[in-house]
Every structure is written in structure tokens, then in C-alpha cells.
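Notes follow the structure.
Chain lettering (A, B, C, D and E) follows the sequence in which the chains are written, and residue indices restart at 1 in each chain.
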Amino acid sequence: MIGIRNVSQVYRTRAGDVEALREVSLDVADGEFVAIVGRSGCGKSSLLRLVAGLQTATSGEITVAGTPIRGPRQDIGFMFQRPALLPWRSVIDNVMLPLEVFKVDRRVARTRAHELLDLVGLNGFDKRLPHELSGGMQQRVSLCRALIQQPRVLLMDEPFSALDALTRADLTVELQRLQMKHASTVLFVTHSVDEAVLLADRVVVLSPRPGRLRQIVEVDVARPRSLGHDGHSAALGELRARLHDLLMTTEEVTR
Amino acid sequence: MIGIRNVSQVYRTRAGDVEALREVSLDVADGEFVAIVGRSGCGKSSLLRLVAGLQTATSGEITVAGTPIRGPRQDIGFMFQRPALLPWRSVIDNVMLPLEVFKVDRRVARTRAHELLDLVGLNGFDKRLPHELSGGMQQRVSLCRALIQQPRVLLMDEPFSALDALTRADLTVELQRLQMKHASTVLFVTHSVDEAVLLADRVVVLSPRPGRLRQIVEVDVARPRSLGHDGHSAALGELRARLHDLLMTTEEVTR
Amino acid sequence: MSVTQAPPARRDTAGRDTVRRIGQWSQHLPPVLGLAAAVALWWAVTVVFEVESFILPSPLQVAQTLVEDADYLWDNTLVTLWETLLGFLLAIVVGVPLALVVTASRMLERTVYPLLLMLNAVPKVAVAPLLVVWMGFGQFPKVFLVFLVCFFPIVISTAAGLSSTQADLVELGRSLKMNWWQTFRMIRMPAAVPQLFVGLKLAITLAVIGAVIAEFVGATEGLGYVIVASGASADTALAFAAMILLGVLSVVLFYLTAAVERFFVPWADRS
Amino acid sequence: MSVTQAPPARRDTAGRDTVRRIGQWSQHLPPVLGLAAAVALWWAVTVVFEVESFILPSPLQVAQTLVEDADYLWDNTLVTLWETLLGFLLAIVVGVPLALVVTASRMLERTVYPLLLMLNAVPKVAVAPLLVVWMGFGQFPKVFLVFLVCFFPIVISTAAGLSSTQADLVELGRSLKMNWWQTFRMIRMPAAVPQLFVGLKLAITLAVIGAVIAEFVGATEGLGYVIVASGASADTALAFAAMILLGVLSVVLFYLTAAVERFFVPWADRS
Amino acid sequence: GGSSAAEDAADGTSVTYLTSFGTFGRDSYVYVALEKGYFREAGLDVTVKPGTGTVDVMKLIGSGQADYGTGDLSGVITTMANEPIPVRAVAAIHQRSMAGIASLDKAIDSPEKLAGTTIADSSGSTNMIIFPAYATAAGIDPATVTFVPSSPQSLPQLLAAGSVDAIGQFAAGKPLLEKAAGGKSVTMLPYADKLPDLYGNGLLVSAAKLDSDREEVEKFTEALVKGLVYAVEHPEEAAQLLKKHDRTADETVAAAELTEMRPYVLGDGGSAGTLDRARMERMITLLAGTGTLKSTPSADDLGAYDITTP
């Protein structure tokens, strides 16, 4: 579904160049859920932005569903690292924005938006403006906006970073359910190893800047998974420890 | 050091009232490190803003160092939930801002800023503008800005939420070291139970909105603590599990 | 601190809240006081320096004229008001789309801006007679001059607003592959509205002036006509009375525009 | 896609980048083409409608005048330029602090704004003769009129900029207990600079007009004087030449202001 | 402005003079007096500034920004009736008013043809003010004519473009009008035909100056009138002298204007400059008769009649 081939990204700024990504290659199958972990500043967001067609790689090529990416596409949904809500729109109108763009019937859109808001625990807040919400609530609105699109490819940049453990656990379950239902392909950036092993089919570990592919860890555990009970299962525990070690050691381990 | 007495906060908006905090009381001793955990939207940020004097409680009283809070004070440092960097200032100038306000000698300020930037792994990025940084890097700059003040009271709102495990572990250690060195009193909002038990003397658990004091958990483990080896110590493990259960169950448990 | 009260809004309104609470009546005190002070100063100047009335008539003389010629002045004020509003609306209708065109591409900006600037640089007083030659003595050349005077601030402000949309929001639009019109309607325009209103507030004050300048030439009514007509016979008090009405008109229209702004963009007051 | 290249800036510059890459020379093509088109249209109008030259001289006649009277026109342009710049600087020096005062408290705003508006509403053409009566025939009344014409846009824009600072940043200032001056210097002012420049760009175009209007009365040099004087000999071509120079002056000053803006606020182009 | 205190042997007393309107040929005599050295001989150092109409000139002199100037005497009377300004007339530049109605191609060559026409004129101009008196004298109903105020600069265009039937003009403006109208012939209907008592422009001086330094006023008046007479006698030379000061001036038009002006300046018996009290009184009565004056000023408040003795 997603093909990333020898992608490098160099940012030129007044204060000098920054090499964000170096020769990254990755193939993601249709309906696969891939988590990306790596140190802060290693180029995870850059990689997602490249796949979304928001910027062009310095070198290398990216294809989605067989066609090279030349710009944004409507079958790719992107949840940004920052909420990016429109300050003049109420919560519900923010969530409905993509469907408005795609010209979906307003009633259908409203029903779906309400369902999603209920899902993330924001019922009752639909008429509020973004600045009246807490940080975590804003992030959840942004999540709803990404989910309402039901895109073939969903790119998520640290979607749960501002959420508490319980909300996070709930949403992890819901996200798995939705992904299985719509069979979307997901690229998911996270700093939480727990989240990665719970959600992903494969976890991609990037090395510190410049981001290179360090290792890909397969998560061969049956779904749906949850932190609750089987969260402490041996298989998951082992994977968690392995990823943890990978992230906590700085030396290079190439696959 | 900090006295919070029967504090309630109600926000009035066009779409109706929101009760964010209800009758919260808490005493924090001088040099104590208190972590606050609770569900998203339960009023953690509101509580910090009240202590910082950025807004006035609907009812109740807050004192810091014996005097009631009437507005912001320079001996209270606040690290916001969002980075809030000045877009026209370079990284180093953003970090030096508080010392510029306090009229500290520029050379001293610069040296301290460089030390802190090294500490958080941002050496080499001092001349860049905020928009040229990744989300986690921006958060670290904001952290440096809060730390450079060396205030008596440090209020931190999810300071590590955008950071990877390794950076987070490093900073946890550094923050402990700095807090012990300067003997500052810290109120620390976090969603990570690990962080809470590693850093705090006491962990305050707030109930879901309206935020009420649900339980205070004492962390009686010798410092410095770290996730590395003793991180899996029995005492910490037990506390973690207890906090986890507290957060994952919704029913009320009053202390 | 025992009653339930609204928290300060997230915006810095600390000093303002205090004022608000004192009560509605006190809202109107400062402008009234300011006005009174200005009039007092004016009076003092005419008395202390014994300024002759052909240079600066005293407030009393002007007030007298305002009362005596009330009907006449009121009729002429309405004429000017009407021209101002028509021209202003025309400027909005033309200026906002033009701003859009200008921000759509750098190329267009480079082509259109210099021409607009040249056009704008021609002193409107010099244009007024030409407009009469081309369009006759009716209302139309007046409305057109108002339009000429105030479309430029609208274009500049709106263009500035449209091209300074927050980067996140523009990117959101791009990621949804919004077409140009959707980006404009859902993101750029709402984001530019506060800036648009800065332009509108400036434009409305210019519009009043434009109407008056237009009435200097080829008019038989309107405040501008009153000013020239009275100037020709050195009726300085009448001229001043007309100018004061002009000022009042300007103030009223400015605050009306500000009120419309508050109605349309309540959110702009916060984030 | 094999060479290292800069990524697009975070701002939406998609369409603009393309243009930039084509090369430096093509930057100047659109305005030149636009100008050529305008001149061609003008020519066509004079030829097709057989417009008599006292109503609209042909571009050729005007070009001839521009060449023949180059020295004379240049000297007068310099006079106007000088008055414009002085008045403009005066307006900045007075307007920016005034904007500060106005935004410092709602009370002050309520007191000062209506007065400013009244002052601004007086048509400047009507003021010009009065200024000569009060201040004589020198350069000062001209500079003062320029000041009067352009301080208001500066105040309004700067005030708008100062009072729309992003909420986070204002709060940062409050949490550091910055005093009023620090908040202004470190937060409000830098944040308002882009808006200030919107005001300055508008003001500079008005300033040129103000200088010309001032030169209509009691002047013996300057482009405004040339325009009036050419009326005495029905030399419409000369009047048009002066107006074209006026336009060029306006365009040049506008783009200079824009260049200063880019120099001072490179960051405004991004976030 | 200058003052008699600033006495300087080498340069003379500095004074400021305002033309009636701009630097037209009809105002060029001041440059003649300047260039021919008449002012220097009188011990005066004169700075010339272009004026912007009678009322502005009066205000500038009244406020002390200028010492001398020229303005239309009908305008002076009307203005003084509304608003006393400390200004006095000391000489008449035009012995008969040059005001009149201009039309293209003999369209209006007699007063009868005025009925039902639309006339553009600069607002508050003499032509518009005196029209009722003229109409009465010519035996037509003033109410049948519509006046549209316009700016002075646009009048030729309005006429040439056919926007109006006629425009208010001074007789001296005919050459300029013909040039502006692309060579079409222009017909003037001068008010002086029916209203022989009306003066045209007069030399104005501040009342204070007249009181404090009468001698200087006499010298200035004499020098200016000398220049005036020389200018209408030698129009081409005068036009060249004007050109020296205003390079935009059109010498042909300026010379033609002076030629047109000649009979109005010299009057019947070579009495250039003289201002007669009795005529002034008749003028006041005439204007008061139109019913447009707020009060009736006395001739003594308007001028000094012994500066220019015939």
C-alpha cells in the first residue's frame, strides 16, 4: 500500500542544514498497522508529512496504492502532532470539516461526528469552541476529525500523547476495532512502547537524527489486544522489553 | 509552601457552565515534589494556572510561601502544556527570556542557557527558530526556559509528553538532580504513572471532571530513583500498580 | 472570593475586566469627558489667544450654527451618508475578491499591485473633477470616488490577512486536499476576517472623507458642498459645523463597523 | 528528484515556489507586462475614442513631456519625496506610541479613539489652507499634513496588532510577571510588527497623496504644485506626467517599505 | 511674512505677495514689477506666492502670513459682510469686472439665451455671486439658470465635453479656454456690459500694515501698478518674465490673457489702479440688492481710497 524507497530529507535553514532522514526504505502492506518509534527529532513527523504529500523528499520516492505521491490525496488521512483545530468552529464543526470538504450529506456527517465524540468521551462538548477545551480534549477532537474521514491510509502523529492512561486504553481498543472494520492501512508515530506493541503488526525503530531504519520488530500476537489482562501476556511483555532496550541503547543495530 | 484550600473553578461559556474543579484542598511542603495525575479534562491545568496566579478561583484560597496568590509572581516558574515559544526568537534567546526579564547579566544567562540546552540534547540548535524544531524539541526548549529561572516553586504541565522514552528517562534523572540541588517545590502534572512514582514524594490523584481530590499516594522510596535498574524494584512496582488501578477504575474512592 | 464568578478569559483582559464591572454607565463616561476636554481646550484657545473667528470660530458660534441650521445640515448629512455607504459597499464587493486574486499567486500579485498602487497614488482631489467630466453631476461620481478612496486599504488588509493564515491551518487544508475555493471559504477567509475588519475600519473613515472631497466638485448638496459653499463666503462657523458633523458621522460609522466585527467574529476576541 | 533541495517552508508557498525557481529575471516580467498592458489600454482609449488631449493626453505626449522636462520634474519629485518621508517618519514616531497608549487600557481607548476619529474625519484638502494660515508657506505645513494623513492608519493597525497577540504568549509574559514595558518590548511589539507594517504600507501611499494635497496650496515647488501650475497653461500632458511620477514614487516607497518589512521580520514569513 | 521692522538697506524690506489664483498670465504683472526692478527701486524685497482664491488670500493676509495680495472686490465685499477680516483694498487692478459667462461657438452671445441653461462655476466664485445682479440688469429671471459648483481646474473640460451649456469665467481666461478646448472658439458674455460700476480684482493689504506703515503700502502699490501697466502694454515681454518664474507657463496664452485684460486695466482715461470710494459704495448697494449678504459693510471698513490718487 505504501512504498517508501531510499527517502532522504534535508532541511536547509539560515542556521545551517539539518539532515532529518537518510535513505529510509519501508513497505507497508494493505490493511497493515505499522508503528514508528524513535527519539525526539529523528524525523518521524517528517516521514509522515512526506507520505501525506505535504512536502517533497530531498531524494527517494514514495508511492501510495501504486502511484507516486505528488501532493496530498483525499484517501490519506493525517492526524497532526498538534491539534490544529479551527478556532472559529465549534467542536462538532471541526470534526465534520473533512466530510464537508468531501461533500458528504450533512446529516450523515453529524451522526458520524456525534458517534465519534461519544467514543472519545466528549459528548456534551460539541458546541464549545476549541479554546474552551483542555489540551487532551483538543487532541481527541483532532483524532475524531481524522477518523471521520475513514481513509484508506491513516497517518497518525503521536495521537494519544496528551491523554491519560484510561482514555488512552479505551481509545487504543477503539482504534483497533475501527481499523479492523475499515481495513485501513495505518502509520502510527508514538513514544509509547506499550501503545506500539498493542496496536501494531510491525514496529519500525528509527535511529537518532539523521533518522535511518534501525530495526523492524514484528508483533505476532492475536487481536484484539489490550493492556487490561493479556496486556501483561508473556509475548507482549517480551516484545516490550525488546523495544525498550532498542530505544534505550544508543549503539547501532542494523537489521 | 503551597496551600490550596477548598478551591473550586467554574468556567462560564456561551455553551453553558463547566465545573472544572470542586473543593480541592492540598498542602505542599517546602522542597516537596508533588505529581498530579487524573483524566484528561479533570482540571489539572486549571489547578496549576490557579497556583500560578494566572486566573482567579471561583471560590477558595491559594497561598504560596504564606501569602495569598493575587497574580503571577517571579518566584513561581510555569512550564505550560503547550511550548509557547516566541516565534521570532532563536532557541537560545527563548531560553534566556526569563533571565532577561529578571535582569540577570547576559553572559551568565547565556552560559546557563547553554548548559541547559546541552542537558536536554539540543546543543547545536541554539540559533534556530522554533518553527524549525520538531514537537519534542520545542517542548525541551520550553523546559529549559522554565528551569533557567531556578524558581522556588516550579509548576510543570505535562513537561515530557512529547518525548521518547530515552530522552524522558534522561530528563527525569536531571530534573531530580536539579530539584534536589535547588530544593525547589514542584507541582508536576503528568499522564505517566512511571514518571509520577519516579519523581514525586506524593502523587495526587484527581477524580474525573469536576476534579476532586481522590487520593494521595506517598512514594517512600530513596532518591535518586531511575527507571533503569531499580526502576523495576518491588516498592516502585507496587506503587505503579496501585496508581494504575486508581486511574483505570472509575468508581469513587475517597481517602 | 465566595461567589461563583467567571474566570478571566484566556486573553489578556485583566485591566479591562475591572472597567467592565463598574457598570454600563461608566462606559460612556471617558469618551464624553474626552470630548468635553477637547471642546474646552478649543474654547480656551479661542479666548486666550484671542483667535479671530475667521481663523478659528469659538465652539459657541459653531454650536449656535448647528442649532440654527439643524434641518439644512441634517439633510446634507444624509446625502453624504448615503454616498459613503454605497461607495463603501462597492469597495468591499470589489476589494475583497481583488485581495483574493492578489494572494492567489505571486505572479498576479506582482502584476496587479503596482497598477493598484499607481491608481491609488493619484490624488483623489485631482480625480474628482475628471469624474464629473466623465460621469456627470449625479450621485454616481461621488459614490465612485468613495470607492476609489477606500478600496485600497481593504485590498491591502485583506490580502495581508489572507496570506498570514496560521501554518497549521493551511496545512490542515492541504492535507484534506481542499480545492482553492474551499481553502478560502473554510480557512483563509475566516482567519482573515479580523484583519479584514482592520481594513474596513480604516476604509470607513476614508470613505467619509472621499464623499466630502467628491462633493467639493459638481455637487449641490452634501456636507462637502456645505463646506465649499460656506468657505466661499467665509462663513467659517458653518464650515466648522459641517466638519463636526463629518467627524460625528465618521465616529458613528467606525463604531458601527466595530460592532459588526464583534458580531461576526466573537472568537477573534479569544484565541 | 535526485539532488538535495530545500523543502517547502511550512507556510503555504506551494504556488510561489514554482515562480521563484524559474529564475530572477522572470520576477520582473509580470509587473512590466502589467504596466505595458495598462499603457497600451490607455493608448487604445485615446486613439479609438479620439479623446481630446486636454481630457486625456496620449501616452506619447506624456512620455515626451517626461523626457523634455526631466530636470524640472526630478527636482520637484525630490521636494515631494522629502516632505513625504519627513511626515511619514513623524507619523511613525507619534502613531506607534499612541497605539500603545490606546491599547494600554480600554478607558484610554474609549477616550482617545473618538477624538482621533474626529480629527481624522476632517478632509485634509480643507485643512491644507488652514495650515498655511497657521504655519506659513514653508515646508512645515506640508510635512504636518502628511503626518495628519498617515498617522491614523498607523495607529489603527498597530493597535490592532498589539491587541491581538496570541493568547499563549501573553500568558507567558504574565507568568514571568513582566512589567508593562517588558511585555510590550519582548512580546506585544514583535508580535504586532507584521500588522504594523500593513499600516505602514497603507500609510506610505497616503503620505504621498498628503504631500501633493499640501502642495496644492501655498507651495512653489513639488509635484502637487506642478499639477496645479500646469492648469494655468492647460498643459494636461505635464499634469499627467506629474501624476505618473507620483504613482512611481508611491510604488517605489511602497516596495521599499515592504523590503524593510522583510528585513525586520523574516520570521513573519513562516509561523 | 515680512515686517517694516526688518529694515535692511541692501535688500530692502521683505514682504510677501499673493497672486489672486495660481500663476496665470493674468497675474503676471507682479513678476514684471519684480523683474523690472520696480519693487527694488521702492526699497522692497518681494516674495511672490501663488494664491488660491479671494477668501484664502484674505485669510492669509488677515492672519499675517502674507502682507499683500489680490482678490476679487465683489468677493471681498461678500466675505466682509459675513465675517470681518482685517484686510483693506487699496487699489483696483481691474477698473471693470472681468467676470462673465463663457460658452462654445457663440452658443450664448446675448443675455436672453441664458434662460434654461446650466452653468458650471467654481463654488462661491464672483461670477456666481453677482449673477442675480447681472440678470436683473439684463432683464432676465435669475431663477431660470442653474449653477453647478465645480472645481476651477475642471471648468474648461466640462465646457469642452459639453457637460454644461456654459461656465463662469473671467474675460482674461478666454485664450486659455480656447487652448484647452482644442481650438474651438469661445464666446464671452461679460457682466461689465450691464454692470459698469463693478470693479474686478483689487490690491489687498492687511489693516495693521496700513495703520503702521502707510508709506510702504504706497510704495508697494505704486510699484505694482507700474508693473501692471507695463504688463498690459507689453504682453509678450511680460509673458517671458512670467516664464522665468514659472516654467510651466505658456507664453502665447499668457500674452493673450494680458491683451484681453488691457481695456479692463486701463479703463477709460488711463486711470490704472485708482480705487474710488463712491463706486465702492455703489458696488456694495448693488450686491446688497441681491439679498445674499448677511450684513452691509461700510466702504470705510473695506478700503483706503487715498493711496491711489488719479
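One rule holds for everything that comes next: contacts are C-beta pairs under 8 Å (C-beta built on N, C-alpha and C of every residue); 3 or more make two chains touch, one makes a residue touch a chain.
Keep in mind that what you see is a predicted model, and the values were worked out from it rather than measured.
Trainee: Of all the other chains, whose mean CA position lies farthest from subunit A?
Mentor: E
Trainee: Would you mind checking which pair of chains has the most C-beta pairs in contact?
Mentor: Per chain pair, the contact count peaks at C-D.
Trainee: Between subunit A and subunit D, what's the gap in Å when you average each chain's C-alpha atoms?
Mentor: Centre-to-centre distance between subunit A and subunit D: 48 Å.
Trainee: Roughly how far is subunit C from subunit D, going centre to centre by Cα mean, in whole Å?
Mentor: Between these chains, centre-to-centre, one finds 17 Å.
Trainee: Where the centres are mean C-alpha positions, what is the separation of subunit C from subunit E, in Å?
Mentor: Comparing mean C-alpha positions, subunit E is 40 Å from subunit C.
Trainee: Would you kindly tell me how far, in whole Å, the mean C-alpha position of subunit E lies from that of subunit A?
Mentor: 85
Trainee: Mind pulling the residue numbers of subunit A that touch at least two other chains?
Mentor: Subunit A, residues with two or more chain partners: 11, 82, 129, 131.
Trainee: Would you please write down the residue numbers of subunit E that are in contact with two or more other chains?
Mentor: Answer for subunit E, listing residues that touch two or more other chains: 59, 63, 153, 157, 161.
Trainee: Among the residues of subunit C, pick out those that touch two or more other chains and give their numbers.
Mentor: Residues 10, 55, 125-126, 133, 167, 171, 174, 216, 231, 268, 270-271.
Trainee: Could you please specify the touching residues of subunit B with respect to subunit A in the complex?
Mentor: Its residues touching subunit A are 11, 13, 15, 18, 37-41, 45, 81-82, 90, 127-129, 132-137, 140, 158, 161-169, 191, 193, 244, 247-248, 250.
Trainee: Help me check something: in the complex, which residues belonging to subunit E touch subunit C?
Mentor: 55, 58-59, 62-63, 75, 78-79, 82-86, 120, 123-125, 148-151, 153-154, 157-158, 161, 163
Trainee: Name, in rising order, each residue of subunit B that touches subunit D in their complex.
Mentor: 52, 54, 71-74, 76-78, 80, 82, 84, 86-88, 97-98, 100-101, 129-131
Trainee: Under the stated contact criterion, what part of subunit C meets subunit A in this complex?
Mentor: 10, 168-169, 171-172, 174-178, 182, 186-187, 190-191, 265, 267-268, 270-271
Trainee: Using the touch rule from the top, collect the residues of subunit D that touch subunit C in their complex.
Mentor: 10-12, 14-16, 19-20, 27, 30-31, 33-35, 38, 55, 104-108, 110-115, 117-126, 130, 133-134, 152-153, 156-157, 160, 164-167, 170-171, 174, 194-195, 198, 201-202, 205, 208-209, 212-213, 216, 224, 227, 239, 243-244, 246-251, 254, 268, 270-271
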